[in-house]
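Two complexes come next, and they have one chain in common, chain A, joined by chain B in the first and chain C in the second.
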Partner chain A sequence: MNMLGRFFRDIIKNKAMLLMVLPGTIWFFFFSYLPMAGTIISFKEYRYSRDGFLASILESKWVGLDNFKFLFSTNDAYIITRNTVLYNGAFIILGLIFSVGLAIILSEIINKRLSKSYQTAIFMPYFLSWVIVGYFVFSFLSLDKGLLNQILSYVGIDPINWYSESKYWPYILVMINMWKLIGYNSVIYLAAVIGIDKSLYEAAMIDGANKWRQIRHITIPMLIPLMTILTLLAVGRIFYADFGLFYQVPRDSGMLYSVTNVIDTYVYRGLKTSGEIGMSTAAGLYQSVVGFTLVILSNYIVRKFNKDNALF
Partner chain B sequence: MSKNKTKTRDFQRLSPAWNIVFNIIAAVVAFVCVFPFLFVLIISFTDENTLAKNGYQLIPEKWSVEAYRYIIETGESLMRAYSVTIFITVVGTIVSLIFITLYAYAISRKSFKYRHFFSFVALFTMLFNGGLVPTYIVVTQVLHLKDNIWALILPMTVNAFYIMIMRTFFSTMIPDAIIESGRIDGASELQTFVRLVLPLSLPGIATIALFNTLGYWNDWFNALLYIDKPGLVPLQAMLMRIESSMQFIMQNSTNASLNTGILQTMPQDTSRMAMVVLATGPIILAYPFFQRYFVQGLTVGAVKE
Partner chain C sequence: MTQTKKRFTLALTLLIALTMVLSACGGGNNNKNNTAGSDKTNENKGSDNSGKTEEPVELIWYTIGTPQKDVDKVMAEVSKYTAEKIGATIKMTMLDWGDYDQKMKVLTASGTPMDILFSSSWALDYVQNARKGAFLPIDELLTTHGQDIVKTLDPAFLEGSKVDGHNYGIPANKELPAQEVWRFNKNLLDKYKLSLDGVTSLESLEPLLKAIKEKEAKVVPFAMNKDYLPVVPYDYIIQNLPMAISIDSGDYKVINVLETPEMKKALTMMHKYYMAGYISPEASTTTSLDDLQKSGNWFLDRAATQPLADNLWSINYGYPVVSTAASDSIVYNWSVMGSLQAISANSKYPEKAMEFLNLLNTDPVLRNMIDSGIEGVHYKKVGENRMENLPEADNYNMPTFSLGNIMLTYLNEGDPDDKWEQFKTFNAAGKPAPTLGFNFDSSKVTSELAAVQNVKGEFWSALMTGTVNPDEYLPKAIEKFNAAGLDKLIAEAQRQIDEWRAAAK
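Then we have the complex of A and B:
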């Protein structure tokens, strides 16, 4: 009773703060925690019930791991996992090289106003939606009107039906993703370059180090902690694909699914197109569980490097 | 002395030749980044017949403003999509800011006994989520938001990452003494927050507001999931729907007899691109002004408590 009394006293004492977290907590309940509980339907054969969400879940039949067994018995699980991980891997590696390179180039350009203008232009694609980017890409790749096929026919090559030839898409998607995100990442690295202690460069100059040596022996080493952290955090998210890139840019073209289907698009199509609720929930849960493990693991490694930069 | 000075400068700066090389590289990348937008802009001003004959060209044979004229004349659905987008952007950003700042402020306060618990409640959602399907079921069957404008707002209201950014901001930028002074003056917690803390937190709030505004303006995913009613479709989702056919733009039109005629004479290809320009325009125009806050926000996000 005493404990209960103290509990209520604490509640009253903290009531202003509790009221402040209330809206957010309600939101988290409905949009995060209830869906987490809802993953239970990946172990069920989902049947929609008129009596609402709870009834739908309770009345659906348990099927154990059948949904997972079915998912992993098809080739789909392999393809979507491979696509997701390989694309993200390419994005991480190439993104790191290009954005660090670009950040160093931008920081070294003597005319700062020019450098700022370049930055503004390079950062721009980040602010556009994938739908818009999809149109941009279409203006280049359209079979009969696209710029690329016009150039090809100009040099005497037959036009290519881009939206049905899967072999080009791994390159196209990597390029488009670089195009959209390189500005964002190089701005982060640029901020770090600008933050490097100037006295380090002065000391290097006194030792007679030229600009190249300064870049190699000061700038890059000073960026390594940030590179490590951003890379590890990206690795932690390697199981999550950018839905817009893989859905909008290839215009949802069925002929390209073998190279554009990732976990996120698979789950979406399972929900909206084929209606395989149980199996797509299972695929989503598979993504969340592996993703969770990877985040924990990468955060653990980040902590080893630098406690301040860890997520938790 | 002066000789020494020039020598130092030589070391400090890139050699002129390399400076030119670096400028060329950066300029090429910058050009590649803006070129597609310019290209779509050109296409939107191309004459439809020229386009049908020659394809998308950098320098069209014949220019035309026909596409824009048609959009404005039959603009009902574009206007509606614009107003849906503006509504969700404004309301969404405001609601979002209220939820996020209140939550973040509470968990930043050391005097709040349950701050660790509520920090965990937020943080855990960054690590694990139920996935798309259960979320979809909750939104449509528990909250019954299918074909409701709030389905475009609520799913994006709170984001644990923004809460963490704001919490860091509050705990590093707001001195305890200020909060203390509020208490001495007899202000309630909420009054202290609104009158003393918020005015000092405007840079942080501006950053979060920008992230939110951009997120709502560019969102098409929630519309793809939850919206079938043509009248509730936001700009980006409308662009998605006219990808294959301009039919959609007519669905809203009240004048049914007008529809088929217009659709036949409508410069379809160019007006599609004109819509892309009109949807992107506001962002591109506003972007140079808010870029600074964005960069600032990215660097705030990199610092942690």
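Then we have the complex of A and C:
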């Protein structure tokens, strides 16, 4: 009873704080924790029951790991895993370099109004849906009316059929993803840069450090904790590919699959006609488990180097 | 140590409490369902005896099509009529063409209350969902509450829409066989005085395509989107997957259609046309031909036909379109299952739903109200079975084929008097496909199927539209299909077909 009393006393003491996290907690409970129970479907052959959803789950028959088989049964398994991990790896590394670089550049612009308008311009693509971006790209790459082919034929080079030449796509996809997402991340870093104590720079200037040295020895070291956290979070999602990027932007062109097929598009194409809920749940569970393992692992490594920068 | 132990116990207690609350919710639900169930049986007994004296029940109907503004208004009228006739009112929910399949998958899987729902071979797959348990088997209901349907429908419809020996839906009485035609932009045909005599095969199109290519630089001679598939005399086990049975030989042997000489020949021809510039270089990623059809900058394409289709197309596009046969007229499983109304497995009033479907498929008054709206508001009658749209019809523009027996609907302006006779002749001329009545059960090969679908995505459109050279890519595709498990699928299909034939004998 003593324990329970203390529990309530704790609640009363921190009621303002607890009230603030309440909406978030409720959201997480209903949309993240409650559905976790649904992963049970990935071990079942889901069939509908007359008595509603819960009865359907309970009455469906167990099939063990059968639902996971399709992810590993062919040599496509290698291609989709490779594509997913390598693309996400490139996005994480390049994203980090460019966003931090951009944030520092933006923070160094003295004219604040200009700085703000650049920031907005870079931020805008983040709000576009991939379908729209897909059409933007199409207007550049279309065979007969595309801007790029018009330029190529103007300088006397044969037009390229972009949507059937897989060799260009790794670059195109990385470029487009950077264009779309950098703005968002750089704003986060910019906020951190602005928050750095100005007296550090003043002291450095008195010591005769130029801009470059100030960035190297003050700005970047101060940003490292934030970089580690954002990177750790990104690593946790390394097995989730951005469906819109890999499906809409290449216009689902079969000839590009060797470089555009990722786990999410593979699952979509394989199951969109059969609609096996068990198998798609299995794919989701697999992605989450791998992501979870990777976060724990990389967090462990970060802890080895610097305890303060780790997530937990 | 004790501290952590205590905390752990607390957490556990909370968890248990939570589980109890949740299971209580679930339990409550179950109870409700059960009582609803027993209510239902009572009610039905009652309705059988006393009919209209009881409070009418509400039937929830999900159907496909762009949601119309006046649906609720029309359904209120419909409900008055049906409450009188069968003691039921109708609540209709329309889901747009592109959303129907996805949304209904979720709604059926999560057990949302509904009574009647649209299903077909191309949206909310009828066979799969019947097997998953989304629909109620209606064999018995058909004999007790749907006798008139059995009398009205061509028996091929009910036979062809059986899944594992049971009926799960009422097919709409409409065109039964599928026939492919070459469609031509008649303006261009006339301009260059081209004749359609002897045009049937893919090869026979060449002189026409050549003439157009030379004279009309802006026109796409052979328009197609990424779903184009050459006509070959094979009956596909699953639509657009390369396992099939020869239509003519009658040997019931499942083969990989990519390995047949007919397919090889067709693809070589397609590639020749592609290289000659008759086909758009972007055909393999094109999803829609709307722009071409609107602007009229096309000469030839292929489409599925029905009686009087040329008129329909010409009206839609605003310029004359003519067509000529590209394939035999054959009754496939998927053509029979072009449009069905099923009763949901969780329907509270299955008998009422069947009574309603019975009325919908046999009663011209109800059928036309559902199709065209309220007389005097959305349409006016101009003859015995002829109508004209009023301006209000724009607020209630329903797809006729997805709402039951189309042969009861009134004729529009310009329709010949013998329209439905023509449909009947067309239906009678169709030849049954070898697998009519057989439905592949993929539950033992789901993982192979998922892998094969991916290979299909990779090669199919490029090969079928002639974009790539079949000499090089056909062997590659065959190899990859087999690596993904197509041979296993074929073996399984063969086994099921043999069983099915043995059972039919």
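In the analysis below, the second predicted complex is superposed on the first by the 211 of 312 C-alpha atoms of A that agree within 3 Å, B and C clash if a C-alpha of one lies under 4 Å from a C-alpha of the other, contacts with A are read in each partner's own complex, and residues count from 1 in each chain.
Everything that follows uses one rule, which is that a residue touches a chain if its C-beta (ideal position, glycine included) is under 8 Å from a C-beta of that chain, and two chains touch if they have at least 3 such contacts.
Everything numeric in this text was worked out from a predicted model, so none of it was measured.
Enquirer: Would you check which partner chain A:R47 touches, where first means chain B only, second means chain C only, and both and neither mean what they say?
Expert: Touch partner of A:R47: chain C, not chain B.
Enquirer: Have a look at where A:T273 lands relative to chain B and chain C in the superposition and call it first, second, both or neither.
Expert: second
Enquirer: Thinking of the overlay built on chain A, is A:V155 touched by chain B (first), by chain C (second), by both, or by neither?
Expert: It touches nothing on chain B or chain C.
Enquirer: More residues of chain A are touched by which chain, chain B or chain C?
Expert: The larger set of chain A residues in touch belongs to B.
Enquirer: A:V187 contacts which: chain B (first), chain C (second), both, neither?
Expert: Touch status of A:V187: first partner only.
Enquirer: In the overlay, answer first, second, both or neither for which of chain B and chain C A:W179 touches.
Expert: Touch status of A:W179: first partner only.
Enquirer: Between chain B and chain C, whom does A:S56 touch in the aligned arrangement: first, second, both, or neither?
Expert: After superposition on chain A, A:S56 lies in contact with both partners, chain B and chain C.
Enquirer: Which of the two partners, first being chain B and second being chain C, lies in contact with A:N14: first, second, both, or neither?
Expert: first
Enquirer: Take the contacts of chain A with chain B and those with chain C, and give the residues found in both.
Expert: In chain A, residues 48, 52-53, 56, 142, 144, 251, 267, 270-272, 277 are touched by chain B and also by chain C.
Enquirer: In the complex, go through chain A and note every residue touching chain C.
Expert: Answer in residue numbers: 3-4, 7, 45-56, 66, 69-70, 73-76, 142-144, 161, 163-164, 251-255, 257, 261, 266-267, 269-277, 279.
Enquirer: Can you tell me which positions in chain A touch chain B when the two form their complex?
Expert: Answer in residue numbers: 10, 13-14, 16-21, 23-25, 27-28, 30-39, 41, 48, 52-53, 56, 102, 105-106, 108-111, 114-115, 117-118, 120-125, 127-132, 134-137, 139-140, 142, 144-147, 149-150, 179, 182-184, 187-188, 191, 201, 205, 208-211, 226, 243-244, 248, 251, 264, 267-268, 270-272, 277, 280-281, 283-285, 287-288, 291-292, 295-296, 308-312.
Enquirer: Touching chain A in the complex: which residues of chain C?
Expert: Interface residues on chain C, with respect to chain A: 6, 10, 26, 29-30, 33, 105, 108-111, 125, 128, 132-134, 281-282, 284-285, 345-346, 442-443, 446-451, 453-455, 457-462, 467-468, 483-485.
Enquirer: Taking the complex as given, what residues does chain B use to touch chain A?
Expert: Those residues of chain B that touch chain A are 8, 11-15, 18-19, 22-23, 25-27, 29-34, 36-37, 39-40, 43, 51, 55-58, 98-100, 102-103, 105-107, 109, 111-115, 118, 121-123, 125-139, 141-143, 154-155, 157-158, 163, 188-190, 193, 214, 217-221, 225, 236-237, 239-240, 243, 269, 272-273, 276, 279-280, 283-284, 287-288, 291, 294-295, 298-299, 302, 304.
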